[in-house]
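Next, two complexes with chain A in common: one pairs it with chain B, the other with chain C.
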Partner chain A sequence: MENILEVKNLSKKYQDFELKNINIALPKGMIMGIIGENGAGKSTTIKSILNLIQADKGEIKIFGLDYQKNETKIKEDIGVVLDDSFLSEYLTPNDINKMMKQIYKNWDETLYFKYIEDFHLPKDKISKDYSSGMKMKLKIAVALSHHPKLLILDEPTSGLDPVARNEILDIFQDFIQDESKGILVSSHITSDLEHIADYITFINHGEIVLSKTRDELLENYGIVKCSAEEFQKIASKDYVKYKKNRYEYDVLVENKFEFKKKYDAPIVDKPTIEEIMLIYIKGEK
Partner chain B sequence: MNSIKGLIIKDLLQLKSYRKTLIVFILIFIAVSISQESTVEIGNMLVLMMTLGLGMFSIATFNYDEMSKADRYLLTLPLTRKQVVRAKYALVIGSTIVGSLIGIILSSIITFVMSKNVPNLLDLGLMSLGGILGIGLIESIQIPCIYKFGTEKGKIQMFIVTAGIALLAGGLFYMGEKANLPIGNLFESLNQFLPFVLIIAVVVMYGISYRISVGIFSKKEI
Partner chain C sequence: MNIIISNSSGTPIYEQIREQIKNKIVSNELKTGELLPSIRVLAKDLRISVITTKNAYEELEKEGYVQTIPGKGTYVANKNIELIREEQLQKIESLMDTAVSIAKISQISKEDLRNMLEILYGEEK
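Up next is the complex of A and B:
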């Protein structure tokens, strides 16, 4: 499968934080979700990919082209939504159209106003008067209206109510129907990614701790709930991490079928991505 | 070129919320100018105020960009960092020139209406060049400071840099006089070529300032 985005050994060192050897490969037609707690390095990864911050080392290829050497050309074909940054709130959708049609060669005015209408956004109202959901929809409308091949989205659903979140996730799923496209999306709302992502990449303290397909995670991983006595019988190599609760242990295992066979455990729960993330972060080995 | 046009359109559209304020300012400028005693003073005052006023006005777009962290978003669009800086300079210089032209037109009309005299366009042109030099000096220092420190801290840094330059220039002038260097003669001889000297000074100032801003913005982590 051809990769639409490839990141190799991306590293960036700050005084108090380090992004260490990030490797990402996003095949065409797929959505990759980057998860991790706040401050884990999700946004730094996205900013480094977009060259907003200068990485200390690493190689980034988008559409098979070196990003550093072909930045402007590549940016014609990517749509970006950033959680904390956009155009001035004193601009209306009409104003944004006037600006963007000068900037993007492929800007599709008709498509843009279709999105604006579909999202029920008033064309002549400054976005300062919009709700958080409307502001996010405006960012997404702008990101989609030049027919991008790749969407890079940083926390596109944060701060939104469940209805707005759902609508936005539907838009991304519509976008990916064309299998030549791809989406890289970061979120700390793991349930959103559980719905739409094909791949999950989990970043913790600036490092990728796991990167797998969603199905592999949800179908193979398991959580064993057991007593302290039962936990003592489990070999360290047979679990990923465990979390000690008041009355029981939550033990995360990588292959629940093998575990069941080996330990004759009748019940191994199917974990959510959030549970996997929590045990990785809070658990011990 | 279209990309720069797009960025300038963005800034002009942002400034439209200032439309009423701008009209009020122009009316105040006219009122203050008319209160002057002679029509020559009226003309000069209006040209100067319009040039300075509109020049400073465009600097407000930096505040809009900072509030929405627009620079970060703009760099995800098919734009280079150099284009983002170039568009700002084009806007600032353009609005300063437009301000001086509006000033010349308004003061010509007012002079004609009040005294029935045809205004001295050469004088007004020189006054507007002086205004452009003044605002150009402020902007040339202010814009790199904004790129380096942001709009708030940039103001403080600008005052420090301006005061530093003024002290340095004053010091050099004082030392020159003490050393009996013919500084006065130098200024007198320059006076003959005043329009050219002013134009060259403005171009050099903005040129140096632009290069510094590009250098700062190219390395900036956004």
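Up next is the complex of A and C:
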């Protein structure tokens, strides 16, 4: 399958933080979720992909083209939602429309106002007076209205209530009905990504800890709950990490079916992304 | 077509889809040549990832239940009725085997077991 986005060995060093060898491959027609703690490097990765931060090294290809060399052309086809808005809060949706018409060749006024209407956003009110959910929906409407092929969104669902988050997930799934498109989305609300993301990439301390398909992660990984005695019997190669709790051990295993064949495991739970993340971050090996 | 997905069941989601579509084909609710929803539409409708529906369809194709024609879609295949019947028989045999083992352990007679079967089968009709 052809990749819509490819990142190879992306690195960036700061005084107190380092992004180390990030590799990402997003096939066409798919959604990739980037998860990780606050400060793990999700936003730095996204900003480096967009060339808003100059990476120290690495190669970025979007639509099969080198990003640095084709930046203007590529940007026409990307829709971006970042944490910090690049739109002034003193603009109304009407003002934004006038502005964007000048910026994007493919700006689709009709589509834009359709989104504004669908999202129930007042056209003549400056966005400063919007709720945080409305502000986010406005950003998403702007990102979608020039018919992008790739959507890159940093924390689009944070601060939103469940109903609004649901609506946004619907928009994502509508977007990839066209299999030539793709979405890269970061979130620390892992349950949003659990259902609809095809790939999950987990960044911790500036490094990719794992990047797998949703099914590999959620259907194969398991959390074994056992006593200290039972834990002693598990060979170190058979688990990823463990977390010692007061009354039990939580042991993360890569393939619960293999594990069950080999060990007389009492309880092997189906994990959520959040639980996998927690054991990775807090667990030991 | 109804497909019901449980997020809390231990059965993987692609497995649930595969099983339900397979049952619909076996029971002839889905007929030979019928077009199935595309992986993207199904993913959206069930609010699950595209890869999950893709996995389910690929498994069904491997087993010969469906056939994908690139650019057109996935159809219910011209299935081998004998083969499916054989598969179902094997499934029944293994379940009956379990029933017999349990009966023997608890000293339940063949007669009682047969009666039970009569009642169960009769009720279904």
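To be clear about the criterion, the second predicted complex is superposed on the first by the 284 of 285 C-alpha atoms of A that agree within 3 Å, B and C clash if a C-alpha of one lies under 4 Å from a C-alpha of the other, contacts with A are read in each partner's own complex, and residues count from 1 in each chain.
Convention: contacts are C-beta pairs under 8 Å (C-beta built on N, C-alpha and C of every residue); 3 or more make two chains touch, one makes a residue touch a chain.
Since the structure is predicted, the reported quantities are computational estimates derived from the model, not experimental observations.
*Asks:* After lining up the shared chain so the two structures overlap, which partner does A:Q177 touch, if you call chain B first and chain C second: first, second, both or neither?
*Replies:* second
*Asks:* Is A:S88 touching the first partner chain B, the second partner chain C, both, or neither of them?
*Replies:* In the superposition, A:S88 touches chain B alone.
*Asks:* Looking at A:A228, would you say it contacts chain B, chain C, both, or neither? Reply first, second, both or neither.
*Replies:* In the superposed model, A:A228 contacts neither chain B nor chain C.
*Asks:* For chain A, which side has the bigger count of touched residues, chain B or chain C?
*Replies:* B
*Asks:* Output check: A:K270 vs chain B and chain C. Expected answer is one of first, second, both, neither. What do you get?
*Replies:* second
*Asks:* Determine, under the contact definition given at the top, whether A:I31 touches first (chain B), second (chain C), both, or neither.
*Replies:* In the superposed model, A:I31 contacts chain C only, not chain B.
*Asks:* From the superposed pair, tell me which chain A residues show up as contacts to chain B and also as contacts to chain C.
*Replies:* none
*Asks:* So in the complex, the part of chain A that touches chain B is made up of which residues?
*Replies:* 47, 50-54, 71-73, 75-76, 78, 80, 82, 84-91, 95, 98-105, 126, 152
*Asks:* Residue numbers of chain B touching chain A in their complex, please.
*Replies:* 2-3, 5-7, 9-10, 13-14, 17, 64-65, 67-70, 72-73, 75-80, 219, 221-222
*Asks:* Spell out the residues on chain A that touch chain C in their complex, using ranges where they run on.
*Replies:* 29-31, 169-170, 173-174, 176-177, 179, 195-199, 213-215, 219, 270
*Asks:* Mind pulling up the chain C residues that touch chain A in the complex?
*Replies:* Residues of chain C touching chain A: 7, 10, 12-14, 40-41, 43-44, 47-52, 55.
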